[in-house]
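Here come two complexes built around chain A, the first alongside chain B, the second alongside chain C.
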Partner chain A sequence: MNTNRGVLRGVVLLSVLLVSVLVAAAVGSVSISPLNVGKMLLSRVPGISVADKSWTEAEELIILRVRLPRVLLAAVIGGGLSTAGVLFQGILRNPLADPYIIGVSSGASLGAASALLFFIPAGIGGYGALPLFAFAGAVGAVFLVYRLGLAHGRIQATNLILAGVAVGAFFTAVVSFMMVLRIQNLQEVYMWLMGSLSGRGWRQFNTAAPYVLAGSAAAVLFAPKLDVYLLGEDTAHSLGVDVQRLQKQVLAVGAFIAAACVAVSGVIGFVGLMVPHAVRMWVGAKHGRLTVYSFFAGAIFLLAADTLARTVLSPIELPVGIVTALTGGPFFIYLMRRG
Partner chain B sequence: MWKRIAIEFAAVGFAYGAKEVLRGVSFTVKGGQFVGIVGPNGAGKSTVLKLMDRLLSPSTGEVRIMGRDIAGYTLSELARLVALIPQEPEYFPFTVREMVRLGRTPYRRGFSPFSARDEEIVEQSMQEAGVLDLAERPVDQLSGGERQRVTLARALAQAAPILLLDEPTNHLDIEHQLHICRLLERKAAEGMTCVAVMHDLNLVAAYCHEVLVLDKGHLVAQGPPGDVLTPGLVQAVYNVRIPALRHPVTGRPVIAP
Partner chain C sequence: MKLRHILITVLLAVLVPVAAAAEGAVPQRIVSVTPSVTENLFALGVGDRVVGVTSWCTYPPEAAERAVIGDAFNLNLEVLLSLNPDLVIGDGTMVAAHIQQLEALGITVATINPTTLNEVIESMATLGELVGEPEAGRALAAQMRNRLRELTARVPVGSSKRVFVELWYEPLMTAGPGSFLHELITLAGGENIAADTGQPWPQFSEELVLARDPEIVILTNYNREEALQRPAWQGLSAYKAGAVFEVNPDLYVRGTPRLLDGLAELISLIHGVEL
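Take a look at the complex of A and B:
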């Protein structure tokens, strides 16, 4: 009985994601029907020929070169952040944990801000190096937090969280300080700090997607052990789980996914905190389901949020991080109150 | 009847950093016994229990499980021999059945499906612990007594010959206290070795086959409760005077002011 319901839920989520991709790609300053978007994509699949090509060359260019990569990137980032959120909430056994809790966001911000403010001249050709800077910053910060969070060579969740908060505050202050010193690229830095997918294309998708998808697949493999781990470290040990090793692996994979996301999208908040909770209310705490469904739910959520971000005030783009918090916050409170 | 030795401590010492918690502790626990570990706060009771499941490793001496040095087992081998119920188990919104099924972890690999035997053991464990009627309820909505029974069912599903419990009757009402003690008594009769850290000396006196008394990191007495839990020992270890009372029906010691 449970298997059937699980399959049904999976089918529902996949269909919603597919439809969301088509609709989101269709929406924008040039409006194209989702049906045509679907046909356009089908016509690109080898072996399938679509009879009536009722769209223009320009429309095809807009969809395939501009909107589709961004839409897919939003889905991957949303899925990745939510999966990382599941991992951190599980391994730290803390409902307030999110993908940024052990320094990913502040480290990435420092990397990105240094890149934007000091190393890469405004606007031009910066995008090749920016993700690299952000990723390096994220990984560096996580490593620092990890070292600070160790007590007698063992990982202690509370120490780790406190170290994350302290390192985060310090790095954030450094970023603010840098912003005071250099004001010429502030707009870009600001957009980045709030998280934005503006102007992202296939290049960013190709940069981040393999890592995020591989990391998320690895996250699913942790599921059985994370279930046992939820019963407490001593119980997990008694059930044959190598607790220390699990902690290290899960933290590494979670931080890796989050760093890959942040590197191309900036700090998109709230997704990684909220989606796992919402999904947990829906499907329960077992990690197999929770991880998979969180990935898809997060993908759909960020996709929708990003579509709003680029259309609501068109032609001005909002940072998607504002949209995720503005829409996700009230929705989450609604879920909580409903119990 | 001779029964195989399940647990053996050979001159075991343990120190947290510079702080010595246990010194030269030696004892054996035979299979199929319900053994209570008692002693004042800080005597080292929980440390002894943790050493029995390799949550800690001895600083000196050797801990043997089923005749073999505990350090020689892999974690999953050990998990098939020793089940542990820690002092304050944590609960997440799993259903009772989901939680009990986690007890089968040592026998499974990753996402492998449950065998008919796994399912059978899960059902039987829930039945024995008296939680079968709660099977589909979320654990975090149960009372403290019900939760402890669910934890016990989870440990029984582990099907290990040795069961360790750290203060299993704490915070429970008398019905649940007796329920758990009787269950352990029954499991011991079936051949399971049950070792429990307990504060309630009367429960130990009433149900345990043997009692280990620890004080300041030393083992000060071991034997049947009727021989060990004398007013003299209680005064020496707990520094309180009690009269020498016996239960009018069972003849076992009764510890009362």
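Take a look at the complex of A and C:
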């Protein structure tokens, strides 16, 4: 693939993302004319004043405080999960790797569930601290899996994956156990575990976006080394890559992005597994392109999925994880069969 | 005649603004995010001011004519905001994220979370004050208190029967302390065989049901036909006496005046009293 085509594809992805954001902001349970949505957004751009304010206060609240932050959050989470998926699939050299493979989701679930069932009811930390609990749980679990997965002080992909499965199963059981003990607060935990962007606003966006974006930028920097790493650890070593260091850094950044995503959205499955594979079939396995395109493709995919989630059964909302698996599964199988 | 006209005009001029001012402080566009709150708002006579409800708000039937703003798990904030509510009322089961988000959007949110029958009765007065109908609230509370007294007076003294409530069969779930159901069974002169679970909605051992041999089995899931087929349960006193009953769960789990209909039903089921 030559550079021109690469740039072209980049421009196409970026434009599709921008258009998706605008379209998603214009559709919802409450119908607001796209023209008014456009004007509303323009009126918030510094230096531009919109003369005829032809919309209601409620409409402005809906667009600027509810729909827009959620749309942007969906894009960031989708991009972040896909980027983390690329990192884990690369560094573990395992096609089944996803952002949650080394304990992020089960750790975050444990953090969130203990907060919702025990800490918050006891007055320790308010509801606003929930992402912190989830994040702490995720990081703690990753650290545990990492320690357990070390073989003679070296990172061993198989060990790491097995440790991830074991710790994940254990933490999931602990969460279930806590839910049985505190059945009266079950609903919030249940909602959290399903993963959803419902009710998320600017606060959640501001919490997660900086970390996800910074982590994704760092992921691009790993690309050249990951390409070499794919040739095998010995080859990479002989080509001057500090393999141990690369593994640690990539695992840390991947886990960090995934933890930031999970902390605000709960566990949204499938995106981080499928998008990197789909993009790989499209642009090849070179990590530079793969990482950047996966970010955009993941952003567009989750944005589209969440838009469906909040409109298909309106006024009832679907958990977005159902939509990602229902639409992404068949699409992925189609891509696979096509080869 | 003239003087009367003038008087009326003066009175109107004084009274109408007063009424309008009072009305200004009274919520006119109420959204209920909990089925029990919806029922209670209608019971207080302010159903016409309810503009939004959840898809689970099935009672009274008029409630179904209101805009649906989601279910108990998820609120659709867009639809909710588009209704321009001046008050959103829910109970403790309302997801905390939603409360916070609504308050951040500048909407007044009130929560009412009664956990006992007495608290339900008191909550009618609280709800009445919230919606600017304190008189109606107090009247409804008083009416409920009277009915409770009348009903409990009908419970035969010294007769207590072992009761098992089945909420769900697989897994077997029942109601324990902390649930309205447990409280109502006790008030109706029953002895809940799951009283020692210490939890409102515990999963329960089938062996314990057999060992504790309930004299009354109450099913809340419309599964009497299936329940009667269970081989292991045939020896229970309740089965031998034909005391296996289906009830409408809405009368037993929602904190509304209908809890007393549930109590009345329990008293007649447990003691065979005609009420």
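The rule we apply is simple: the second predicted complex is superposed on the first by the 317 of 339 C-alpha atoms of A that agree within 3 Å, B and C clash if a C-alpha of one lies under 4 Å from a C-alpha of the other, contacts with A are read in each partner's own complex, and residues count from 1 in each chain.
What we mean here is this: a residue touches a chain if its C-beta (ideal position, glycine included) is under 8 Å from a C-beta of that chain, and two chains touch if they have at least 3 such contacts.
Computed from a predicted structure; not experimentally measured.
Set side by side, chain B and chain C differ in how many residues of chain A they touch, and the one touching more is C. Contact with chain C, but none with chain B, is seen for A:Arg67 once the two complexes are overlaid on the shared chain.
Within the superposed three-chain model, A:Lys286 lies in touch with chain B and out of touch with chain C [touch as defined at top]. When both complexes are aligned on chain A by C-alpha atoms, no chain A residue touches chain B in the first and chain C in the second. Considering their complex, residues 93, 221, 223-224, 227-228, 230-232, 234-235, 237-242, 280, 284-286, 288 of chain A touch chain B. Chain A meets chain C in the complex at residues 28-30, 58-59, 61-62, 65-67, 120, 127-128, 130, 180, 183-184, 187-188, 190-191, 196, 198-199, 201, 203, 310, 314-317.
Interface of chain B with chain A (complex): residues 50, 53-55, 75-76, 78-80, 82-86, 88-95, 98-99, 102-103, 105-106, 108, 110-111, 154, 158, 164.
Across the interface of their complex, chain A is touched by residues 55, 67-79, 81-82, 84, 93, 95-101, 104-106, 178, 199-203 of chain C.
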